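Listed below are the structures to be examined.
Each of the next two complexes has chain A plus one more chain, namely chain B in the first and chain C in the second.
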Partner chain A sequence: MAAARAQIGFFVDATRCINCKTCEIACKDFHDAAVGRRIRKVRSFEGGEFPAVFAYNVSMSCNHCAEPACVQGCPAGAYSKRFEDGIVVHDPEKCIGCRYCTWLCPYGAPQYDAREGRVRKCNLCLGEAEPVCVAACPMRAIEVGPLAEIAARPGATIALRDLPSPALTRPSIRYRVRKEAHS
Partner chain B sequence: MKTNEHDRTLVDRRLFLRLSGAAGAGLAAGELLGRWPLAGAAGVAAAGGTKIVAVACNHNCGGRCHLKAHIKDGVITRISTDDSPDTAGRPQLRACLKGRAMRSRLRNPARLRYPMKRVGERGEAKFQRISWDEAIDSIAANLKRMVERHGPASVYIQYATGDCGLISGHAAAQRLMNLMGGYLARYNSYSSACLSYTAPFVTGYRDTSSYQTLEHSKLIILNGFNPAETIFETNSNYYLARAKEAGARVVAIDPRLTETAATFADEWLPLKPTTDAALFVAMAHVLITENLCNREFLDTYCIGFDEEHMPAGVPAGQSYESYVLGRSDGVAKTPEWAAEITGIEAHAIRNLAREYGTLHPAQLLQGLGPQRHAHGEESVRAGIALASMTGNLGVAGGGWGGGEGGRRIEIPIGGLPTGDNPVKAKIPVFLWTDAIVRGTEMTAADGVQNGPLASNIKFIFNLAGNTLVNQHADINRTVRILRDEALVECIVVSDHFLTPSARFADILLPADNSLERSDIGVPWSGERYIVFGNKVVEPPYECRHDYWWLSRVAERLGIGEAFTEGRTEEQWLEQLVREARRKDPGFPSYDELRERGFYRKDPEEYVAFEKEIRDPAGHPFPTPSGKVEIFSKTLYEMNQPGIPGVPHYIPAWEGPAGELAGRYPLQCIGPHYKRRTHSTWDEDPWMEEADPQQMWISPSDAAARSIAHGDRVKVFNDRGALLTRARVTKRIRPGVVAIPQGAWYTPGKDGVCRRGCINVLTSQKATPLAHGNAQHTILVEVKKV
Partner chain C sequence: MKEWPLILFTLATQLACGLALAATVFETRARPTDAVLMRPLAMAIFPVIACGLLLSMAHLGRPLMAWRALLNLGQSRLSLEVVLTALFALLALAYSGFWWMGRTEGRLVLGAATSVAGLAAVVAGAVLYTVPTQPAWNSGWVPASFLGTAVLLGGLAPAVLISWRGNTGLLRVFLSATVAGSLLLLIAALWMMTNLSRRTYDPYTATRLAGVLQWLTSRNSWWLGCYLALVSVLPAAVAVRLWPQERVEITPFAGAMLAAVVLGTAMGRAVMYWLGTRYEPF
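After this line comes the complex of A and B, so read on.
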């Protein structure tokens, strides 16, 4: 797949994230997503041994990967990756509800709803002043911007011990997170 | 939950517009930071006739939140929040997940729709629809009968925090009753009884520094302070993040590695619940024996720390230093002594004390959980003693200890005037069930003020509240009392849903939601803003504002004019704004406020007790000695068990070391859960998806009971039992389980709660001084079912 001209990505600061799930609910409200469909989701992980226990949270929707499995695997052509900014766009009008994408995506980004018979996923709130999650976060822990800039930030990392290897799809997301969470 | 079809169509169309409208927008990489680049396309969506109106989330959190409802064709299509410029000095007031779920709450099909009267046994929840006229007639007749037969003191307006607007139902009920001769009043709260009652004995009054001051702190101690779940202020977590990024060291003292602790704490000290005061006393021991006390501060501002600074007429050996060193009782309160009690290793206690004694300024942030315990008074007092010993009182970046809470808001807006209550007797709120059973026999020993009570409680207004059943302790006792119609003769409830409390109504009324009425919210935190919520949709079915029907009750009783003064609830709001504008010229006009949705002064650094420390002669502490009373002669002279002259660690009656621990070996606490405000939002499916009701249990306690993550478990003690799911996590101290408070009591035929309401397990035993709720002090056993 051709590389995007200027890939956009997420910067998620887990050193600030308190797992409040405001992003998740703001996203849910924006998409009017039924229960069961979590287009953005905060996952919480823990490690260490008592009492030296640690925990951290990762807010995630679609990572607009450089090598998106959904785009490659969709038989209906509902997915496209935009050249200008690398945003992976899903068009529900074309979606046939086969759910291949939900099995292919390592991050669970495409969310199927049986009543609607279609998938939806994060299209980065195209058309909004800024993504709803970014504007919602009480901790200012989610940002979007050019991936090249985001990846160069101090402490930015891509590989976490509790998430799938970034080698699979090359996700356009970077985290700032406590060192115990690095893979 | 069924999505409104009309709603769905709108969303589809909007999504289509976004996809098509945005397709051509490509921007250079350099322009992308800060604002999202595709804003040009937003105009397309906005052109569709969407109106954006300010609304409010007005539940009982420390903050009140500003929301915006996006309305198209009379349907709320979306909720957003503050979008004023987000700057370091004036960060936006961003609502949490609950406020963002307002549409889900609004369209919940379980909404109460019509006035109803009870037709079965009380608590059976068998109701029959009646007209508003019949409901109002019945309430007026019952009220009249009750006041004639038992006097106004038989009427109780239940503690209720579901609607925290300025024109709330309980304020209106108080106004009504004051026109009818009064009602039985109460003091204290379920949140902070021990703090609010005890702090005045030590510092004269209760106050809190603003969270902006955290950025000055070199050390921050989170003692049961978990603002990630209990929203103390809309931005309290954000300020904590900034303080951490500015270099503060953060230590959490908590049985759980809470969301706040997990994100910010450098060190977690997982103490046994009920033992905070022992930890603090041992820290005091280290500060004294390692010469880390600020003696000059103690000598200047405090009384009762050492034997040289005691009030006259007190025998030797009563100072705090004497207690800590063991001169008075032969027990030196060393870190080794505390390690046994608290479960925290002695070296960790010693390290924390040394850090607290050397890193200056340091904030001891005490959440309210540690004081909702047996002898919760003592952790408050011991916290203030520590803050005094290190000179952290009245200092920016320091902290008073003694518990977090509200500071005085400077925005001068009042609520619906309630008038004066001719009934002077008051009960501590936690003892209201006792006031039903033996009110007239209660005395000052029960905390009754201006007693005796002229009557037991016979009539209850329970408006937007769930303390009638769900949030009070020992539900099984509570419901036995409420079921007896010879005791309380009439219960009037208004709410949005058939809550556990609403099930016990005789007259059940459907209330409007905060998006269906206009009102003003004032944060209890003291943060310098207020929010205005516009009415944006009509109340559905026959839902009505409490003020509306209370006005009609007043009319029936012949005091309609006196009650309303000719005003609707909206006209009262206008009146309140007019009065505020007289006191504060910056206060916006009613129309400006409606449009903007909030009035906010720039946040400021507020330091509690700053003036008393800066100018002790001009501003003595308002205590008998004019100083911080580490030793309180007032308390000492009460000469009561559980009320010592200086802060003590007193083992809890249902603590980890007691006799009962043999049978019920697990301590059980009931933390706040971010998906609810107390019991509000328990009904919401979005919230349940985000954060289901579950019990935290450690891997070792789970393994010992063959419990796996996600298993259904039964939790029980002599007072009751519940079923819930186990969340097996290393984030809780072994020996402790945590069941988030606020789940709705849902008994099966066997009386076992299916939803996991912790208050079937809690006790009505009150704390010794404050007569407060010790709802976190319980022992239980857990088994797999």
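After this line comes the complex of A and C, so read on.
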């Protein structure tokens, strides 16, 4: 897929995230997500052996990947990747609710809404000044900006041991995590 | 089992494909006067695939928009599968119609074309699942399972639903297909277990595979055992029992055995969907 002119991406500082799930709730409330559907999700991971144990939290919605499996796989053409900023947009009017994208996405970004019979996904709050998850986070752990700038920050990484390989879809997200979380 | 529409749709496609292959083989090997024996099964090809297509729409959140599934043909494997299955259904309509009307001219060529389209639809349906983001499915066992089901059902149905009086050479062709299909399904099951047990340096994939393997073997091994008994042991037993017979009559017991094998294939397909949808990504 042709590269975006200026790919936008998320930066999540997992060393700040306290798993309060404010970002989840803000996103769910703003987009009226169905019960059981989480357009943004926070998960905790633990590891190590006593006394060297560790835990960290990962907040994730859609990663607006450089090679989005959803765009290629959707039979109805409901997904598109914008050239100007690389945002992967889902058009609910075109969605037929086949849920194939929920199998293709390695990050579980598309969430099936049984009330409407179609999938919902993070669209980076297009039309808003900034995504609600960014605005809501009390720890300022989530940022949005040019991926090139985000990727150049010290400690920014994409390869976490508890996440799918970034080689699958080349997600437009970077994390700052403890060194134990690196894959 | 929320994926029941897809279980029934895939089984219907494979059954219809198997019947198309069987009818085509029958026509090449049987005496012309025996063609009437295959007629009911050949006429059933189109209704089976049509029911499958209708059932598949129950999987959609917006079934009335199903036509949109054709719009990404250049990129989407699912669009390709829809097109190939629809093509198979159209050819099956004509082929079943030829059998119904007793028309023989051109029927062999039409049967071959229908069989090829059916195989293409089965294979296209299988490769939908072999995607890198689904480690439990991303293996050759899924296509092997789909093809094995088509061969098994295509061999077993005529073997037990036709009265064979003489022409047992052709019966043994179908019994051989039955054994081949059951063997392929056994191989697919072993392949699946090997895939779930494979070593990988990717911790995420390793965790996912270990999780579904543990779920399958610790609490659901009985289900897997029933599946293998119904799709591998039972068809082989039927083949061994019928092989030396010079005369085979249709009996209710034979129909029940076929129903049991179909139930077994459904059990196996349910396992396939459970493996892929057991855990949400992330």
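Observations, loosely collected:
Just so we're on the same page, the second predicted complex is superposed on the first by the 182 of 183 C-alpha atoms of A that agree within 3 Å, B and C clash if a C-alpha of one lies under 4 Å from a C-alpha of the other, contacts with A are read in each partner's own complex, and residues count from 1 in each chain.
Everything that follows uses one rule, which is that contacts are C-beta pairs under 8 Å (C-beta built on N, C-alpha and C of every residue); 3 or more make two chains touch, one makes a residue touch a chain.
Predicted model, so just to flag it, every value in this text is computed and none were measured.
Of the two partner chains, neither chain B nor chain C is touched by A:181. In the superposition on chain A, A:122 contacts neither chain B nor chain C.
By the touch criterion stated above, A:88 is placed in contact with neither chain B nor chain C.
By the touch criterion stated above, A:131 is placed in contact with chain B alone, chain C being left untouched. Put simply, more of the residues of chain A are touched by B, taking chain B and chain C as the two choices. When the two structures are aligned on the shared chain, A:48 is found in touch with chain B, with no touch to chain C.
Partner chain B is touched in their complex by these residues of chain A: 5-6, 8, 15-22, 24-26, 28-32, 34-36, 38, 46, 48-51, 53-57, 84-85, 89, 91-93, 123, 125-132, 134-140, 144-146, 148-149. In the complex of the two chains, the chain A residues touching chain C come out as 41, 43, 58, 60, 69, 71-77, 94-100, 103-108, 112-114, 116-119, 161-165, 168-169, 183.
Note for the complex: chain C touches chain A at residues 59-62, 65-66, 68-72, 75-79, 82, 128-129, 131-134, 202-205, 207, 276-277, 280-282. Taken in their complex, chain B has these residues touching chain A: 1, 3, 7-8, 11-12, 15-19, 21-22, 26, 28-29, 32-33, 35-36, 38-39, 41-42, 44-45, 77-81, 83, 86, 94-98, 100-101, 103-104, 228, 234-235, 237-238, 241, 244, 257, 259-260, 262-263, 268-270, 674-675, 685-686, 688-691, 698, 729-731, 733-734.
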